[in-house]
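Next come two complexes, and both contain subunit A; in the first it sits with subunit B, in the second with subunit C.
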Partner chain A sequence: MTDIADRRTALGILARSPAGLLAERMARIETVPAYTWLRKPETGTLMLRGRIGGDGELFNVGEATLTRCTLRTDDGTVGVGTVLGRNAAKAEQVALCDALLQRPATAASVLSEVIGPLAEAEYERQAREAAEVAASRVDFFTLVRGED
Partner chain B sequence: MHLVRELDLSRLQPGFAEPVGDAQRCFRGVLDALAHPGTIVELADLPAPPPGLGAAQSALLLALADQDTPVWLPPGLRDAEAGHYLRFHCGCRLTASLADAHFVVPASLAALPALDDLRPGEPEFPDRSATLVVEVAGLATVGALRLRGPGIETEAGLSVAGWTADCTAFLRENRRRFPLGVDLLLTCGASLAGLPRTVRVDREA
Partner chain C sequence: MYVAVKGGERAIAKSHELLARARRGDPGVPELSIAQIKEQLRLAVARVMSEGSLYDEDLAALAIKQAAGDLIEAIFLLRAYRTTLPRLSESQPLATGRMRLARRISAAFKDLPGGQVLGPTYDYTQRLLDFSLMDEVSETMPAGAASAEAFAEPFAESIVAPGIGELLGREGLLEAALPKADDPAPYDLTRDPLLFPVDRATRLQNLARGDEGFLLAMGYSTQRGYSTTHPFAGEIRHGAVPVEVFVDELGFAVEVGEIELTECQLITDFEGSATQAPQFTRGYGLAFGHAERKAMAMALVDRALRAREFGEQINLRDHPANNEEFVLSHSDNVEASGFVQHLKLPHYVDFQSNLDLLRRLRTEWEAARAAANREAA
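Moving on to the complex of A and B:
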């Protein structure tokens, strides 16, 4: 079990969550600080690389669209948001959440109101998908061929 | 040598307010300055530069530098706010090797590196050379430097605070190596002047 307070884990949970769910949870945060942009939301592409098999050379799988932004809240905390896709509002909310998480005064409420529920929702999503996939599972096996 | 340090965002200032339009205006300014040596281009609405860089100097780097153009900063700025600023906003590498750098930002005209240490370009690709971006204390279109060459109808005057005989010698040697060589951009606050490798410079007695 990873610690969801860990910044990287938290950013991953936020980025993978559906935008609607994130917005819904963020609406529960009462005191949202004022902030300025260090980098306004911008959309670009990222080359995804991967390997197949253990011997594999890295190859380019393809490009993914991503949107990123960086903001600074009024007390100087810097939050970054990077999400797949073109949803600038989601990137903004992720960045804001990242900043709130670093501020001692707001970290607890963000953890309990936003990141915790999103982590649970993600777990349920994954479990549901795993169950759906498991229904079509085929087990391959070989009968003893009697050569011995 | 590549310097990989964790990016410190805590004191970082915003870059261009409108990245695309602002970068294009700066790029146009550089084109004008290099096409007409001896003219001074005024850039408007520049973001506040990080400590150690001038407004136009930092804006030019925002417009020109990217992940394919290593930037050389003086050692004192490299690990300071200016270095973090450029790494964040341009995505550029900072390099400690002058020979590797596409953009070189000397601390002053007095600290111009030796021409031999800079990328001169290749005979097939003279554009693969270094560009120097130097902040000076003053720029004016009338003055001691007489400029001639492409982009100047007869002769243009330029006065640069802190210009020394060494700078003149630097440009003459640079001119001698044409088509290889480096291009020099002088900035002073929001002002910009270009001294491309084609310029011939004389100093008035």
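Moving on to the complex of A and C:
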């Protein structure tokens, strides 16, 4: 699991998952290697940039809280966690997962115990929301007026 | 000039205690939780995040609780907290076209690609008080909202649809919105002061954090005739948008989560000029959370502030919504509230000097009048 697209996908799933669910899945990983911080979790702001009209020039919409950290496991693998919000534990778990996914010995179990179930939970969450939204789909009709 | 005063420490400490008690109210009534505010006062949370200019639902809910529901005070609290945080990064441009739609309507395009979904809206409610909400025990969720089983299709693909930018594009009837050639970083009002004249990107940053009530009144004034815009609601959409950040250690951008946004595209006729063909022009509004009134008011004011760009007849004295300096200097409710409320601080020295001056003027006026009376007699 060294492919950039896979790593990007996994990091996205981890970041979008609720912190409680991520912690629950991470608790199933039995052998967690020792690691040191390259960058301890720190919370700051992210300036959110939008585009005028949705597709035009850049403008600053406002900020969001962001927490990030970088760690290195005992075999030298670097894991990165960057998540919206102020949850340092979540950023740490994302970074740890990122590192474990790059190690051949641990990648498979993290995929099956963490990434897979989180992706499934997200899909279900979104599919349920989408069904509720789709129920309010509307077709407006314009009435023919009497003059012709 | 304000002259500082000293004293009152003990009274202020006691006032803080009273404030804490007043905020809590009757201790016999259960305390509000942050989760309750977040889940059940989501529109208040959205407003505090937008105008506090910081997307963090927990902090906005905390601010609302601490401010006892005074949203402008809560916005102040969030802004103050923001200043304690370091700026870590800037996001990749938010792709509102990738929004997982919770609501999307158009009052101009009946059959726009992707269709229209009403989602949760107060628009079609009758505005009758629902007394069943008074009874917390009997409050039940409509079956549909509680579980998807009530729907024909319990699961569905998320609805994603392109924005209106592409519509009418072939005929060139809708103003195109294009990034600048080198896509430069926008001026940032959190780092640099507001200096006039400003570009549209800076105006939008100011309006995005501007007071909803103020922008609503300004937008309303343009509809009532204190300007010349007559817009259509081209599209209003609300839903979740992914946020991407370029991470240096990785060398590529990753998603760091999702935020909820409300986007409004208003379109307005433009008669054309010597150099520009007639077309629909656009006003743009974007707000955190579900905030349609705010996004619409912002889009109205954005378009009004572009009047000069289109060579429209404007009268800055009589049409305040067209007056960039007037609008942008008075849109911020933290500044406005601070300046209005500073009048409560002791001004004893100023007042004393004004009083002395008034007494002298009064004496002079009476002497002059007595002299005039003597001459007349």
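Here, the second predicted complex is superposed on the first by the 130 of 148 C-alpha atoms of A that agree within 3 Å, B and C clash if a C-alpha of one lies under 4 Å from a C-alpha of the other, contacts with A are read in each partner's own complex, and residues count from 1 in each chain.
Definition applied: a residue touches a chain if its C-beta (ideal position, glycine included) is under 8 Å from a C-beta of that chain, and two chains touch if they have at least 3 such contacts.
This one's a predicted model, so the numbers in the text were calculated from it and none came from an experiment.
Participant: Following the superposition defined at the top, how do subunit B and subunit C come out on subunit A, clash or fit?
Facilitator: Aligned through their shared chain, the two binders fit side by side on subunit A.
Participant: I'd like to know which partner A:137 touches here: subunit B for first, subunit C for second, both or neither.
Facilitator: A:137 sits against subunit C, while subunit B stays out of touch.
Participant: State whether A:44 touches subunit B only (first), subunit C only (second), both chains, or neither.
Facilitator: Touch status of A:44: second partner only.
Participant: Does the superposition put A:28 against subunit B (first), subunit C (second), both, or neither?
Facilitator: In the superposition, A:28 touches no partner, neither subunit B nor subunit C.
Participant: Specify the angle subtended at the CA centre of subunit A by the CA centres of subunit B and subunit C, expressed in degrees to the nearest 10.
Facilitator: Placing subunit A at the corner, the angle measures out to 80 degrees.
Participant: Go through the superposed model and pick first if A:78 touches only subunit B, second if only subunit C, both, or neither.
Facilitator: both
Participant: Is A:36 contacted by the first partner subunit B, the second partner subunit C, both or neither?
Facilitator: first
Participant: Please work out how little space separates the C-alpha atoms of subunit B and subunit C at their nearest point after superposition, in whole Å.
Facilitator: 5
Participant: Can you pull the subunit A residues that subunit B and subunit C both touch?
Facilitator: 38, 42, 70, 78, 80
Participant: Taking the touch rule as given, give the residues of subunit B at its contact with subunit A in the complex, in rising order.
Facilitator: Those in contact with subunit A are residues 9-10, 12-15, 19, 88-89.
Participant: Quick check on the complex: what are the subunit A residues that touch subunit C?
Facilitator: Interface residues on the subunit A side: 4, 7-8, 11-12, 15-16, 38, 42-66, 68, 70, 78, 80, 82-86, 124, 126-140, 142.
Participant: Spell out the residues on subunit C that touch subunit A in their complex, using ranges where they run on.
Facilitator: Of all residues in subunit C, those touching subunit A are 49-50, 53-56, 58-59, 82, 85-94, 96-97, 100-103, 105, 110, 115-119, 144-145, 148, 151, 153-159, 163, 165, 177-180, 183-186, 188-190, 200-202, 204-205, 208-209, 242-243, 245, 247, 249-250, 252-259, 263, 265, 282, 284, 286, 288.
Participant: Under the definition above, what is the set of subunit A residues touching subunit B in their complex?
Facilitator: Of all residues in subunit A, those touching subunit B are 36-40, 42, 70, 72, 76, 78, 80.
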